[in-house]
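Can you keep this structure in mind? I'll have questions shortly.
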C-alpha cells in the first residue's frame, strides 16, 4: 500500500465492512434454522442407523435363529453373546442375545449380514444410560414391534 | 525488542492439547519472544487409536467402519481410498451407477469438509458469525447423507463393490436444490469474509509455504495448490468417473493463508459443478457388484489414492490370501502438513499461528490414526 | 430534579440542626447505590441483548426458555450460577494481586457513570471537569487487567494482559483527541455544558468537522471495550480467554460486569458527546438518552458479530499510523472552524 | 477540660471541619506508606503496583488544593500511562517478573545517606517559606489561567518541553527499530511521549 492510495484503501476497507454488515443483516431477516430440541423433534429419516432392534415374524416369534452371522460381521464385537434354543432347523430361535451399545459403531454390517432380516437399526438415536451396564442390551430390551406395527 | 539491547524473556507456551483453536487434540509447543514465535514443536498422538494395527485383526469389510474415524470430516474419501485398494486386489469392477454415487458422496463430503474449514478458520480469526453460517450450510449436506446413508458423519457408505444402498426418492431433487443454493451462499461468504479488509490483513502474505518446501515435505491438496502447484489426484490419476467430468483444478500462486483459503472456496464451487453433472448424468442400474460374503483377495498388495478435502489420502493394503489384511497403512495428508507447520510458523505471532494452523486444515483423527 | 431533591432534603436536614456532612455522606452512598443498581440492571439487559442480537445475526434463536419465550431471565439465571460457583485460586497465583484485580477493573467502570446526564441536571454529579474525569478514571481498568494477567500465573493471561496494556495505551490517545474536538466546540469540560451547547446549535454529529471526531470516538471506543475487531486481550481462539482465563465464579462475574458496564458507558457517552444526550421531542429525556445509548450499543454489537479480529501489531499500527494523525487533524480542523 | 475537648470535637464534627485535616492525614499516609513499600518490595511487580495508591493519593492532595485539572492529569498520565508502562516493561524484561530476582543493590548505606541529604534540603526550604492560605479559586478559572500561563509567559518553557518529548519520541523509535521490525513494545514508548 503506497501513500498515495491510503485514502482509497481506507474508504474501500470501510466499504468492505459495511458489505459484511449487510450480509449479517440479511441473515438476521431470514428464518431461523435452529430446532428447539426436546420440544421440537428433528425429523429422522427412515434409514437412520440408530438403536438395534430384533424383529418378530408374523407369528410374533423372533426371527433371529442365533446363526451368529451378525456376530461374525461385527467389527467391534458389539454383539458378544448369542445363544439359541436346542431345537434344530428353522424352529431354532434366539434365547440370549446381547448388544453392547457402548461398543457399537452403527455401521450396519450386522444388518447386512443377517440372512433372515431379523435385526434392524432404528431411528432411535438417544441411547443413554446412567452407567455402562445400561448400555448393554439383552433380548428383552432389543425387542422391536411385531410385523405390521410401526417402529 | 528483538534487538540485543533488551534481552526479552523466551516463554514456552503450550498451545493445546486443550485449546480452542488446535482443531482437536494437538499440542503445539511454542517458543515465544513476546508474541513472536521463535520455534514450534507439534506434539501428536493424543488421538492415537491404533487403527492400522486393529485392521490386521479385522476382515476386509470390517475394516471399513474404522476408516471413517480417520479423517472424520470426510469419511467418504477414507472409505474410498480403502475400498479402492481392496477392489484393486480383488480386480473388482464396480457398476457405473455406483461410481457416480461414490463421486456424489465424495464431493458432498468435500463441500462439507471445506465448510467446516471455512467455519473454523473464520472462528479462529474472530469472525464467529461465519462459523455459524458454515455449520448451517453443512447441515444441509448432513441431511442429505442421513437420508441416504442413515448417518451424518461416519457413513461408511462406500462399500467394497459399490455403495451401501441406492439413493432414496427425492435425493436428487434435494441435492440439486442444494447445488443451486450453495453458490449464492458462497457469494455471501465472499462478501462478509473474503473481501473484508481485516480478513485480508490477517491472511494475505501470512504463513508462506514455498512450493518447493511444500513438495519436499509431501504436502498435497489445497495446502499445496495454494502455493501454485497444480496437483490433484482426481486429475493426476482419475478414479471412478472423475476422468469424464468437467472441472477445474484450482490453484493460487500466493503461497499464503489467503491462497489456501481461496483454493478451498473455489473448490467448493467446482464441487458443486461436479455434483450437478453427476446428478444429471446418473445412470440407472445396480449400485453394488456381486461380492462374496467372505472376501479373500489373492496374495499381493495394492495402493488406493484419492483426493480427500485435505490432500492426497491413500491406503496401502497387503494381502496374504487370508480374509484379514496382512497390513493396512494410511497416508494421511494432515500428517505431512503438520510436519511442515513449524517451518511456516517461524517468525509469526501467536494470532498468526492460529490462522496458519487453521489454513492447513488438519484433522487429528487422521494424523494420529 | 436531582439537584432540587438534594437542596430540599439538605435544607430540611440543616434546619433540624443535624451535621451536614452526615447528609452529604448519606447522599453519596445513596447515589452510589443508585448507580450500582442501574449498572447491574443494564448489564443484565445488555448481556441478554448481546445474545439475542448475535443469535439473530447467526440464524439462531438465542435464549428462549428462562422466563418466557424470549428468555429475559436467562442472564439473571447465569448471574446466579456465577455467584454460586466455586471461587478458585490457581496454584502459584499471586493471591493478593489476583484477588484485587477484579475490583480494580470493576470500580472505575462504575465511577464513570457519575457524570452521565440522564436528563437536564439529572446526573449524579456534573463535575466541572467531567470529560477529564472520565478519561482519567477509564485509565484504571488497564492496571486491573495487568494485575489479573500477572497474578494468575498463566502465560495466556500474561499475554492477554500485555495486549490489553499496549492496546489501551495506544487507543487512549485518539480517544482523547476525539474528545478534545468536542470540548473545543463546546468550550467546556463539563458534560452539562457540552449537552447545552448541542441544544443551541444542533447535535455535534451534525456539525462539520465533528463527524470525524465521532468516527474516531466510535472506533476507539470499540477498542477500549475490547470488542471485535479489537478483542485481542481476550481473543478466544488465540489466548483462550486472555487475562481472565483463570477466573471463575464471582470474580469472573466482576470482569464480565465491568466489560458490559464499560460497553454501556462508552455508548452512552458517545450519545452524550455527539447525539445530543437526552434531547429529543415528545419522549421524556431519560428515555431519549437510553434510546440513543442502546442504538450505539446495538451498532457496536452488530459490528462485533460481523468482522474478524485484527492482529496485535495491526491494532497498534491502526491506532498510531491512522487514528492518531487523523485525531490531530481533527483537532486542528475543529480549531480552525471554531475560530472562524 | 474533658468537656471542652468534647465540645471542640463535636463542633468540628458538626461543622464538618474535621474532614479536611483528616483527609489530609489519610492522603499523606496514602502517599508515604506505598512510597516506602515501593522501595522495599522484593517483587518488582508489587513495587510497581504500590506506585498506584501513592500516585492516586497525590492526585487526592491536588484535589484538596482545588487543582482538579492537575489531579485529573495526574491520574491519566501517571496511573494510566506511567504505571502501565512500568508494568509492561517489567513483564517483558528478562527475569524481572520473577519474584526471586534481587531488586535491591548493595549500596544501601549510600542510598540512605543520599535520601537523608535530600530530605534535609527539602525540609530546610520548607521551613523558610512563609505559608499563607489564599481564598479558594474557582476551578474553571484555574483551568483557564493554566492555559493562559502555558501559552503566555511560559510559552518558551512549554515549547522546550515539547521539543524534548519529541526528541524522546524519535529516540525511542530509533532504539526500538534497531535491526528488527518494529513491534508493539516500540509503539508503547511512543505512548509515553504522546501523552
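As written, the chains take the letters A, B, C and D, and residue 1 is the first residue of each chain.
Rule of thumb we're sticking to: contacts are C-beta pairs under 8 Å (C-beta built on N, C-alpha and C of every residue); 3 or more make two chains touch, one makes a residue touch a chain.
Owing to the predicted nature of the structure, the values given are computational and were not obtained by experimental measurement.
Between the chain pairs A-B and C-D, more C-beta pairs are in contact across C-D. Of all chains, the one whose CA centroid is most distant from that of chain A is D. Averaged C-alpha coordinates give centres for chain A and chain B that are 24 Å from one another. A separation of 26 Å divides the Cα centre of chain C from that of chain D.
The mean-CA centres of chain B and chain C are about 44 angstrom from one another, to the nearest whole unit. Averaged Cα coordinates give chain B a centre that lies 60 Å from the centre of chain D. Residue positions 92, 97, 183-185 of chain D each touch two or more of the other chains.
Across the assembly, chain C contributes residues 57-60, 158, 162-163, 305-307, 312-313 that each touch 2 or more other chains. Residues of chain A found to touch two or more other chains are 17, 20, 23-24, 27, 33.
Those residues of chain C that touch chain B in the shared complex are 54, 57-60, 155-156, 158-159, 162-163, 228-229, 231-232, 235-240, 305-314. Contact residues of chain A toward chain B in the complex are 9, 12-13, 16-17, 19-20, 22-24, 26-27, 33, 44-49, 73-76, 105-109, 113, 121.
Contact residues on chain C toward chain D in their complex (touch as defined above): 19-21, 24, 94, 97, 127-129, 132-133, 135-140, 142-143, 146-147, 150, 158, 161-163, 165-166, 168-170, 172-173, 188-189, 312-313, 316-317, 319-320, 324. For chain B in complex with chain A, the touching residues are 58, 61-66, 68, 129, 133, 136, 139, 146-151, 154, 156, 164-165, 168, 188, 191-193, 195-198, 293.
On the side of chain D, the complex with chain C involves touching residues 13-16, 19, 43, 45-46, 49, 52, 68-69, 71-73, 75-76, 79-81, 83-85, 87-88, 91-92, 97, 139-140, 143, 183-185, 187-188, 190-191, 194-195.
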